[in-house]
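Okay, so subunit A shows up in both of these, paired with subunit B first and subunit C after.
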Partner chain A sequence: MLRQLAISCLVAALALPMTARTRPHYGGRLRVEIEGEPWQRPNGLARRLVLDGLTSMDAKGIVQPALAVEWKSENDSHRWEFRLRTDVHFHDASPLTSVAVVTALNADCSANCPWTAIQAVGASVVFTSDSPMPNLPALLASDEYLIAADAGGNIGTGPFQLSGFSNGVLALTANESCWQGRPFLDAIEIHMHRSIRDQWLDLGVGRADLVEVPAEQLRAAREQRLTVLQSQAVTLLALSVSNSGALANPDLRWAIALAIDRRSLFDVIFQKQGEVTASLLPASLTGYSFLFSVERDLNKSHEKHGGFTPPLLTMTAESGNAMQLAAQRMALNLHEAGFNVQVVAAGGARPGDLALRCLTLASNQPQAALEASLRDAGVQAPVLEQTPANLFGVERDFLQNHTLIPLLFLPRAYAIGGRVRDLQLRSDGTPLLANASLQDAP
Partner chain B sequence: MNLRQKLLLLLSLTVALVVAAVAWTVLVRIRQVFEQHDQQETALFVSQFQREFQYRSTEVATAVDRLAASERMRNMAFELEHSGDPSLYVNEAQTLAQESQLDFLEVIGPDGKIVSSAQWPARFGYFEPFSWVDQPAFLKTEELPDESTTLGLFTNRAVGSSEPNTSQPVRILGGKRLDQSFLANLPVVPEMQIALYKDADKSPATEQSSLGPDGSLFDPKRLICAAGEVPNAERYETLIRSAINSSQQTSAIINLTDQREDSVSATAIPLKDNTGKVLAVLTVAISRGGMIQTQQHIRAIAYGVAAGGILLAILASLWIAARVSRPIEQLARAAEEVAAGNWETSVPERRRSRGRDEVDVLARSFNHMTSQLATQRERLVQSERVAAWRELARRLAHELKNPLFPLQLTVENLIRARALPEKEFDEVFRESTVTLGMEIANLKTIIGRFSDFSKMPKPQLERIDAKDAIERVRVLYEAAGQNETSIRFERELSTDPMPLDADPELLHRALSNLVLNAMDAMPEGGILKLSAKPRGYQVEIRVVDTGQGMTSEECERLFTPYYTTKQHGTGLGLAIVQSVVTDHAGTIAVESQHGGGTAFVITLPKASETKS
Partner chain C sequence: MKAKILIGLIAMVLTGMTAVATPEPSTWEQPAENLAAQIAEILGPGQARLTIRNQSTLSDSAIPTIRRLIEQDLKTHGLVTSGAESANEIRLTLSENQRERLWVAEIVEGNETRVAMVEIQHSQNLTQAGSATMLLRKERLPGPDVEDSLPCFSSPDGKPPLLAVAERRHGLIILKQNCLLELDRSPSGFFDGKTFDPLASTQAQTRDPRGIIVTNLDDDGFFVFLPGTKCDGSYTISSEQDRPPGEGWSLHCHASDDPWPIVQQNGLTSISAFYNAARNYFTGVVSPSLGVDLPPFYTAALLPRASDGRALLIGGIDGKVQLVENGALKPVSGARDWGSDFAVLHPGCGAGTQIIASGSGEALSDSLRAYELPAQEAVPASAALAVDGTVTALWSAPDGKSVFAVVRSVTNEYEVDRVTATCN
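This part shows the complex of A and B:
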């Protein structure tokens, strides 16, 4: 008995440090390196750390309360009332009020908003619209509608607050009075404009804790045995096609859609990551995406093309080697179909006739995700349908215009260093750094 | 143009022509030498460039060989031949090309499709036309993502050794771009410019091809050098076209501007692909500016030397002409002096010549001749003087003898009359004394005439008009002539003024003598014509009669003193006339034919009209 007790005590004594190692530690400075800007939209890393929305998505894509603790709809979703959380303060110590929320949302969304009017009513914010807004709580969880106290969007209610910026390094410190509770990390350094190669080198030598892994390099990251956090396919790679000028003819746009070889993009450029798609929503959300053909049909493209030779078309692409390569590949595909396409740098004097874009899947709810995607594509009509068949109809009607040609769904991924603990990705693929901690934190 | 000027002109022209011919020959030879040097230099640079080009070809081949033999590439080839998943290597070519310092690199799988392309990464999966055997470096046009094409030096190698069961090995096609950086790395010397005219560079905006048969467009913007576009590229069009059409190296001198200094000696080298098609033309241009400046410098010196030579030649010609012509001029002046009657004139003789110089011989002969002439004239004058004295003595004796004979007879008669009675003696005495008085008076008259001739006064010049002088004579003698011998006077006077600076009395006396002679020549009557007219700077006065005229012998002796054709003339009238005319710087001439009348022509210098 004593022997058993002694053994039990010994096991318990040995188990104590183990449990201490797994428990999150407060403190430490997390070093993050990114290729782009931390404040860029959508999904700028710093925005999610500094700012909060009225709602948020959890890791499973379910809408959760954030600055708003509850909400209700009236009048067949024409009116929504969001009651704000109390005792929430911005980083400058000013209280979160409904007026501040209305001001921030009006600043964020001056046009193309789901609502028609927004007003502060006591501790609540009321959204009204001429058309129903069934997906408003999910839409408000997106990066687009985060609440900031200033016009620059640097003062929010998030778990971290801006403490400095110098030499391309954005410094964030923990918000001690965060309504979600203090984050484990004391500070986060975000090193911007670092190439993927440099990020990986820094991660390898311990100078970075979190680095980006583009989808096309996921295989290489795994081959290098990096610890990779990978989301679901949340980024839609799509070709935006102008419906004016030389491409006002819908048959030409259709010919373009038919001429693109998605398989080569998927297999080679993006290294078989994500999924090939011709629909706006992934099959995991809708189940009907197979109904949209992803195969290249050059003969039909020529048929639709009708021998007409449009003038030189220009194509722009978002930054990134893979995006540029994909744009050039599509230009090559289109050249075979009789189109003369030149890939040009984005931000030129006039927008390109074709634009290769990345759209973020805003929600795990099909209706909300479809509405957000359509809004990204410039269609403001709300998605009211609930059944997959009806959603298919909405999506098909939109895609038949061929102003947006879905190509691939790609995952988002990050590689983490060995001392990072408890880091998860949100449903949109952004890292949930507020819950992360460092193993060697004091 | 005198002898000196002719000699000067002749010598100057001769020397100038010689200098010009020498200068021209020198310049032509210099130009030939420079052009020859220029051609040799161009050929040397072209040869050097071709070696460099060959070296670059070898360099490309070496780089591709090294890459093909690398472990990394062999592993890739192995994986591709076994796994068949080329997507893993889609970006590999860019890295490999960068490491191997190649501009172009394509990895081609066993199926002939591009696995990875450095120059056009998006072309993966497309077939690449190429040879399955290794090739030395060759030229090829390569398409680029912006739909342009560029020219490159390529080589094609198999990677490792393919598996026995595999039909074809993995191959790599690598190369370097023939562009501005390629040109910039070529060894050039100062004043040398290497440019490339690329047909392959086809920008999306300009699709047309420039090279090929005649008639195609030439785009000067496609001629590039290390610094960018070649200035005045259009000037190379003919050379480049020639190289393209002939597919041979072509050389020419190209004037880039209107200035000769801006010309270049250019050689166009056609660059061909494996099929012999000209893909580009490389131009090697060497500036001729330095050479032309040197030529111009030499030419300027030559012109300066020539000008100086010509100037010296002129000066020397002046000296030579003066030296040669001076004695001749002296001879000419001396001859003129002799012609003017100054027979004592002589020319200086050079002491040192000692007779070897023809001019000195001529001068000595001239001096001898003039001295002989002077001696002869002296003798002639003395002879004439003796003859004149004899003639004077004869005439004087003749004139005196006529009155002396009656004097002698009268005196003898008086002597005989002494024997006569007194009364008769008185009568004879009275008659004799009368006769003696008459004859003595006659003797006085004769002596007076001789005295007058010897006392010809000097003319007192006044401004008169020839018309007045003639009118005065006509008025004096016209009445007498008409009354005595039925001589009709005519006059023909010019209306123009005929001023003379003359002594009016002497001139009246001379004209009177001529008129009296004319009246004596027409005892039976006739026409006496007096005329005067200006002739240039002279006034011509004519006294013409219609008498019997004179023989030529009479005309020749007419102005000899004491020569007369009249029975009672002294022969001094015309001598006096000639003396008066000569004293007035004039001349007198006679025109006469026997039986055709006589005309005396006096020419006197016309006085200046401005003188009052």
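This part shows the complex of A and C:
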């Protein structure tokens, strides 16, 4: 036993990610395979390669300049002015201007914006709002507010530019005049709609350099001795609960929250990856998430249920085998509490009463992350609080409505081939391919 | 026996990996007082049970001290901690997040639970000890620590990479990607009198930035070479301690593709090499010509040779180390685990000249190691000296008695180490 423990510890220590000591080589083509779409929001793989935001977030969660070099707030954060970086060009050679930024942000965010108005003033972009926007620089670092010359399109200022798309392969080439410096790679191919099994097979025979590892398959990836890069827990698996129709009664929503067995989702479906949560933010950001109970309480659920039998409820789930399994298991949990739930395909004629969703942690600053999560859940109010105690209060007040039931925080992970060097993950779990290089680059 | 060896190995690995500091008890007094005040405001005078659980990296051995402090402070508010019979309960959880420790008290009165919290800043982690047991020794240069307080480095682009440092008689010159900083050395040995200049205007942007500083013999001027940019700097030596920032200091930068001085002898440049400003290496074209076409290389150093006085050692971008000697390129063996950077040291022992090379990434942490090159095979002359991150630049001091290494930590903090050799 002691020997096994010793060997496990040693293997764990030696399995720490290696970083290259030699200087990165320029050149080469990196082949990436993904299950979904490269442009999907949020965090489609191509988005951060092609597009930049006004700000960016470093690994410590500190907001850094990107297309904006500096910013200042006035009038108690009701007005923000962001001064743009000079001599930046889009991939079509048109200059980055404040007018272009305003056009792009208006297209990104027509209704659910943190600001009321946005305007171009010289080389600056000015945001104004009826409510204070203390977290605006952090919010603008999120995937939601990336800048494209062709509003909503894919002509950006990022390290790679779109060079072709055919047969399910997106081709990107290095942006030689990138304002951050040319990337080390010459080109990236993104092969989409590849099953995880095919991705891993291609990685094994050297036909892919970077493939996806869903959280529930992290253990299998390690058993297959894949080299895995894993982020912090950045994806929140949560159940959206309608607050109208059959579930307008808050006690019924509470009964649903009490009936769900998070631990079985964690143990069985997601193979003990990530963390069980009843909080919108992970413990690493706040330190207080244990205050929200994750335990199932079927007796109390029945009590809240009050013997009332609602009509048949429908539940939808985002795509993915694990998501469908999780939805089925939760339907069983709810059946034990007296609810009849049918799992249906998403995109039907009417939205489901319940929806199993993945929300991306938009920031690793707790205030900005909480504001973004609340915005995602339909609450458009700035989070002004700064202390953990006050943030806890905001979160508790929201969660008491039981319109969003946090379940698990999951990591993002990728497996890489042996010739990939210096690849790191951003704080949001997306791979930072602009700084990666290939060992055998010419 | 095998188990003992394994445990020993684990201890070695883990000792090198982490060192979590436990704060001094004095740092807990204020938060304990604050938390006790919050609890007392909720519960009022009386009795309550106190339970403590630790969900943080704090050592469990700290819990009795924290309990004692909390109990003392509660008592000053008339709240006495008691046994299991009390109806009120204080459940204290020692938690933490990425930025701070968080002590959370759940105060249970009947069916109602209220919450109080205090935050405590994390103390800085202890740094690991160097493992130089043989020839090499490193000493962290204190000057670069001070730069974060300067406006040049705090905005607008966060912390730019540190590229090089030059020592002069009266202080330090620190080169960052977008900024040059001069620090004066005070009589007490500390650095002050900071002046700085931005450098961004003509420089080519690159993801692996490099740069060098070359000081002149009279200690009153210097050149800075950056990708696509050259700067001429000068300063007047002043004994005034309180001179205004910028006085006696001038710097002029301009776009330039001049070759970079890569070898200096007696304060004069003897070999220059053209740098590819859009990449991170020298093109292979050097001045004066060495009589043979050189491949592109990352680094070069001049070695004294018994045969013909001098030979140039180059580290190619293909990973090969070669010697340019007598107008011919000769492969060097024994350098497979070298990184991209090396520099020459003349400590006056062994063969008189050693090459200090960074590691190649085949080990878990970067390191520096001394080698001798009696012929065409690199022979280790010291044990590997571990550094606290990745070596990003390496160059010889003007007197050849030490080597400077820029080291980037996993958290993107930079330090400069002076590496010297102790002769056995």
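Basically, the second predicted complex is superposed on the first by the 419 of 442 C-alpha atoms of A that agree within 3 Å, B and C clash if a C-alpha of one lies under 4 Å from a C-alpha of the other, contacts with A are read in each partner's own complex, and residues count from 1 in each chain.
We adopt the following convention: a contact is a pair of C-beta atoms (placed from the backbone, for glycine too) under 8 Å apart; a residue touches a chain by one contact, two chains touch by 3 or more.
What you see is a predicted model, and the numbers here were worked out from it, not measured in a lab.
Chemist: Quick one: is A:K72 in contact with subunit B, with subunit C, with both, or with neither? Answer first, second, both or neither.
Modeler: Once the two structures are laid over each other on A, A:K72 reaches no partner at all.
Chemist: For the three-chain arrangement built by superposition, which of subunit B and subunit C touches the greater number of subunit A residues?
Modeler: Partner touching more subunit A residues in the overlay: C.
Chemist: Where does A:Y26 make contact in the superposed view: on subunit B (first), on subunit C (second), on both, or on neither?
Modeler: After superposing on A, A:Y26 lies in contact with subunit C but is clear of subunit B.
Chemist: Looking at A:R329 after the superposition, I want to know if it touches subunit B, subunit C, both of them or none. Which is it: first, second, both, neither?
Modeler: The answer is first: A:R329 touches subunit B but not subunit C.
Chemist: Pick one for A:H193: touches subunit B only (first), subunit C only (second), both, or neither.
Modeler: In the superposed model, A:H193 contacts neither subunit B nor subunit C.
Chemist: Contact-wise, after the overlay, does A:P183 reach subunit B, subunit C, both or neither (first, second, both, neither)?
Modeler: A:P183 sits against subunit C, while subunit B stays out of touch.
Chemist: So, A:N340: does it touch subunit B (first), subunit C (second), both, or neither?
Modeler: Only subunit B is touched by A:N340; subunit C is not.
Chemist: Share the list of subunit A residues that count as touching for subunit B in one structure and for subunit C in the other.
Modeler: Subunit A residues touching both partners: none found.
Chemist: Show me the residue ranges of subunit B that touch subunit A in the complex, using the header's touch definition.
Modeler: By the definition above, subunit B touches subunit A via 86-88, 90-91, 120-126, 145-147, 204.
Chemist: Quick one: in the complex, what on subunit C touches subunit A?
Modeler: Residues of subunit C touching subunit A: 2-3, 6-7, 9-10, 13-14, 17, 55, 93, 95-98, 100-102, 104, 106, 115-117, 119, 155-158, 204-209, 278-281, 298, 317, 319, 339-341, 358-361, 364, 366, 390-391, 410-412.
Chemist: So in the complex, which bits of subunit A are touching subunit B?
Modeler: 219, 264, 267-269, 271-272, 312, 321, 325-326, 328-329, 331-332, 335, 340, 342-343
Chemist: Show which residues of subunit A lie in contact with subunit C when the two form their complex.
Modeler: Interface residues on the subunit A side: 2-3, 6-7, 9-10, 13-14, 16, 18-26, 58-62, 64-65, 69-70, 176, 178-184, 283-288, 290-291, 364, 366, 387-389, 392, 434-435.
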